[in-house]
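The block underneath contains the structure these notes are about, expressed in structure tokens.
Chain nomenclature is as follows: A, B, C and D, assigned in order of appearance, with residue numbering initiated at 1 for each chain independently.
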Amino acid sequence: MANFKGHALPGTFFLLFGLWWSVKYPMRHIWQKRQHGSRQNLPLFFKKIDLIEGVLKTFFAFVGIMAEQFVPDGPHGHLYNGEWVKLMNWQHSTMYLFYGISGIADILSSSPLPVPAGLDRLSLSLALFVEGFLFYFHVHNRPPLDQHIHSLLLVAVFGGAASTMLEVFLLDNTLLELFRSSLAIMQGTWFYQIGFVLYPLNGKEWDLENHGNIMFITMCYCWHYAVALLIVGINYSVVCWLIRRFGERHRADIEISLRKTSHPDSNSQKALLQESDEE
Amino acid sequence: MANFKGHALPGTFFLLFGLWWSVKYPMRHIWQKRQHGSRQNLPLFFKKIDLIEGVLKTFFAFVGIMAEQFVPDGPHGHLYNGEWVKLMNWQHSTMYLFYGISGIADILSSSPLPVPAGLDRLSLSLALFVEGFLFYFHVHNRPPLDQHIHSLLLVAVFGGAASTMLEVFLLDNTLLELFRSSLAIMQGTWFYQIGFVLYPLNGKEWDLENHGNIMFITMCYCWHYAVALLIVGINYSVVCWLIRRFGERHRADIEISLRKTSHPDSNSQKALLQESDEE
Amino acid sequence: MANFKGHALPGTFFLLFGLWWSVKYPMRHIWQKRQHGSRQNLPLFFKKIDLIEGVLKTFFAFVGIMAEQFVPDGPHGHLYNGEWVKLMNWQHSTMYLFYGISGIADILSSSPLPVPAGLDRLSLSLALFVEGFLFYFHVHNRPPLDQHIHSLLLVAVFGGAASTMLEVFLLDNTLLELFRSSLAIMQGTWFYQIGFVLYPLNGKEWDLENHGNIMFITMCYCWHYAVALLIVGINYSVVCWLIRRFGERHRADIEISLRKTSHPDSNSQKALLQESDEE
Amino acid sequence: MANFKGHALPGTFFLLFGLWWSVKYPMRHIWQKRQHGSRQNLPLFFKKIDLIEGVLKTFFAFVGIMAEQFVPDGPHGHLYNGEWVKLMNWQHSTMYLFYGISGIADILSSSPLPVPAGLDRLSLSLALFVEGFLFYFHVHNRPPLDQHIHSLLLVAVFGGAASTMLEVFLLDNTLLELFRSSLAIMQGTWFYQIGFVLYPLNGKEWDLENHGNIMFITMCYCWHYAVALLIVGINYSVVCWLIRRFGERHRADIEISLRKTSHPDSNSQKALLQESDEE
């Protein structure tokens, strides 16, 4: 869909997933550190969240495919009638297909089936790779700025594919997960940027041949990433702060109830206090 | 052999190996998980299978070399008579040669000789690398679609070489082995696709200069991979299901025989039942 | 700032950091080896040093941004007035921005906050990557030698980004840290070299089209690295030698005081002597 | 030195080192496996060998530099007299310089000084990288076959640099060491091949523009590697076989002497026999 909406749609998907990941992974990281404490039912909670994420991803991928196929100027499921029909839309559908596969792998990984560990991350890495692969052969015969702005996207896409591939072998590395979140956010905002530049809402067309525009866009890409890092940093801090506050109140409650029940034996209280000092 | 058969032959080899691997590795993976159980003779069984695989690989490589050399329009072992004789066939022979070396390395690795661990995977990685290396310099001076369809192959070939190289250091990583299986299946089906496009059986020639054809082929490559993933997924599931069924019946038999012999001591039965719950 | 000073400024920054690292990391390495000994307050000392380093890095980055913006021929904070204003300076500012982010990450990592391990190294790797990324698109439409001398810089920059990324996963690997030091020193000296070649102080202009000059500069780059290795080697040796000397005198003092206080029990003395033999 | 000898000299160096490594590493690998046995003085023996290797490498590098500088048509230490003097020879000298640095690092690593582990491998990797780096910018403006035959060398050089870099983190991985040996042997034989093609001894000049020649040379490169693999394989087998023979006779001697001295207590004999069964 070569218009603003066609870029805003995937942009929104990536932005939502990036933002969600930048909340989920700090949450899991901090709760994992506290696992020595009282709650043991958290892993189950995260399994359920992963399941919902997988279902949503599959659903979004399905929406994306349908949108690409059945928009008024789409191929409506026709591939060849003497010549190829709307190959751009077909290519976008293929990209969504692999995100759908990644969603299914997420669902399987969060199910109790004997799936090899890391399948979800491998399939996400493949989805990113396929996206980059198709984009790479996507941008021939276009004006310089159009080509450049699309190929910059490849840095985030292949960077994400590589770092997610690393996650297959370094399971649950928080830093890599946050890195992935930041790349997803950047991909999201960059899709919007592409939309704004190629299909400006205010009608002022960009000069697609101007070298200054290309230089600005290159730098602008770095600014997007700086903003993505800032967002991830803020979300991480807020999640940390919230869990600490909630955790302390929760702990205080437990402590009070402990004091009421077991006056003479104060060992468990000490253990809890020591624990809160450590953190 | 620049005809349909010349592409169908290697395609069949890769397809067979890919399919076989997508059955072998899930089998080994699940049996390894159960190793805490009763059977200890399985490693030997898999050693024997690896030996047979190595012998077959060496044999197929030999067949490939002979076919390239002694087809009617082949070089029949002549390399230079004033000018180079049939260098294409010689290059293909060289590719088969390295798969032959890989087969010999498989045989050595499954033998009781003191071979360094991972030799079989390193030599397979080298064979894939040599294949990609020769293909890379293979496609100059050809029409765009011919070049493109061959160079797409390189993604699977070098991807396979890289992931197999990783396996040298991450021995028996099921996910990597399944990944290799899927790439081998894709390579197999893609050789057929190349055959169908360049030497169409129904006689309708493809336009090798058309940009739409190139775009379609790029996308088609991704579809091949989606199908390869589907095949690996199905094989994995079927193997899982079969082993579970067979395993349970087998266990039930053991249990019955145990009940008959050792009535008072029911500990071993409990242990077995617990084991089947865990899985 | 397209003049000698504009290259001397970043060159000095990199040189200082490279030299400092080539002193800090050997120091930490050797003290870590001795940690079995008496001093336990060293980690705190190194935390403080890392904090100061982070503050200085952030400050230098701020100085760099201000210098690029408010030199007489700078953009003074203006980005667009009908056309893009001084994009070169803006790009340099962006590079400094990411080093500033890296400095803040250093400060956070050396603080007691629950920051994921390796954040400082990841952000340094990103800063190097962004520097290389912007330089890569920086050098179009320039004379051959100018392009070549800038693109050689990319080898050190991307090499540094890759090796620092490795450090994220191999925390506190002395060899990688020394490698990073040597690359930082080379980057520093190479910025000076670029300044000398493009804006010669003695007024003798280099022929920017001459192939011999390009060949010499390529080789000269390797010499810079050989010198950087030599500097790191010397600093490592000097630090080793100083710590050994200081450590032995310190130990001798302890020994004497031990002899005075605890004559009959000579076990602790023996332990100390054994320790010094081991090292 | 643009003649046959100028290629035979480095070729001989690489060939000798490759052959030596393909004997040394199997030896160390097998003796390490036997370390549970009687001999404890072997590590010292290998340290001494590494020292000698480092000294020889430094000496060869020195010979190489001298040869490049002081051959009749060399630069004799002059670099610039209005224009650059014999830059080719200077570049070759630079390559040798880094192998010299690698030799010094070998000497330091095998000394009792507190050198970080892996320094010898890192510096060898750097020497290979610098060789590849200089060759990469070395081959402009030459006929196609000349360019191609030199750039093929880069595959072995950068492959060796990458695999040696891996060795820094996977110390004493026999497979990687054998891989490095095979690449060194190939580099050696390929230098000879370059010499034979560009400066044919029988006077029959190769057509440097012919596409068939390029195709043959590409394939020939793979054959060189197949031969290198064969040589490494043979050396590995011979070393294995010799150590086994020598080891068994040595053990038999020990056993006899044990029987003579300690008749009643046969435990140690049994342990020895078990040991030889295990191997």
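Heads up, the rule we're going with is that a contact is a pair of C-beta atoms (placed from the backbone, for glycine too) under 8 Å apart; a residue touches a chain by one contact, two chains touch by 3 or more.
Here the structure is a predicted model, which means the values were calculated and not measured.
Q: If you take the chains that touch chain B and keep only those that also touch chain C, what is left?
A: Touches both chain B and chain C: A, D.
Q: In steps of 5 degrees, what rotation angle do you get fitting chain A onto chain B on the CA atoms?
A: The two chains, chain A and chain B, differ by a rotation of 90 degrees.
Q: Rounded to the nearest whole Å, what is the centre-to-centre distance of chain A and chain C, using the mean of the C-alpha atoms as each centre?
A: Measuring from centre to centre gives 33 Å for this pair.
Q: For chain A and chain D, let me know how many angstrom lie between their CA-based centres, rounded off.
A: Taking the mean C-alpha position of each chain, the two centres sit 46 Å apart.
Q: Indicate the residues of chain C shared as contacts by at least two other chains.
A: In chain C, no residue touches at least two other chains, as defined above.
Q: Which pairs of chains touch one another in this structure?
A: According to the stated criterion, the contacting chain pairs are A-B, A-C, B-D, C-D.
Q: Would you tell me which residues of chain C are touching chain D in their complex?
A: These residues of chain C touch chain D: 29-30, 33, 155, 170, 174-175, 178-179, 211-216, 218-219, 222-223, 225-226, 229, 240, 279.
Q: List the residues on chain D that touch chain C in their complex, please.
A: Counting only chain D, the residues touching chain C are 83-84, 87, 90-91, 94, 97-98, 101, 113-114, 116-119, 122, 126, 130, 133-134, 137, 140-141, 168-169.
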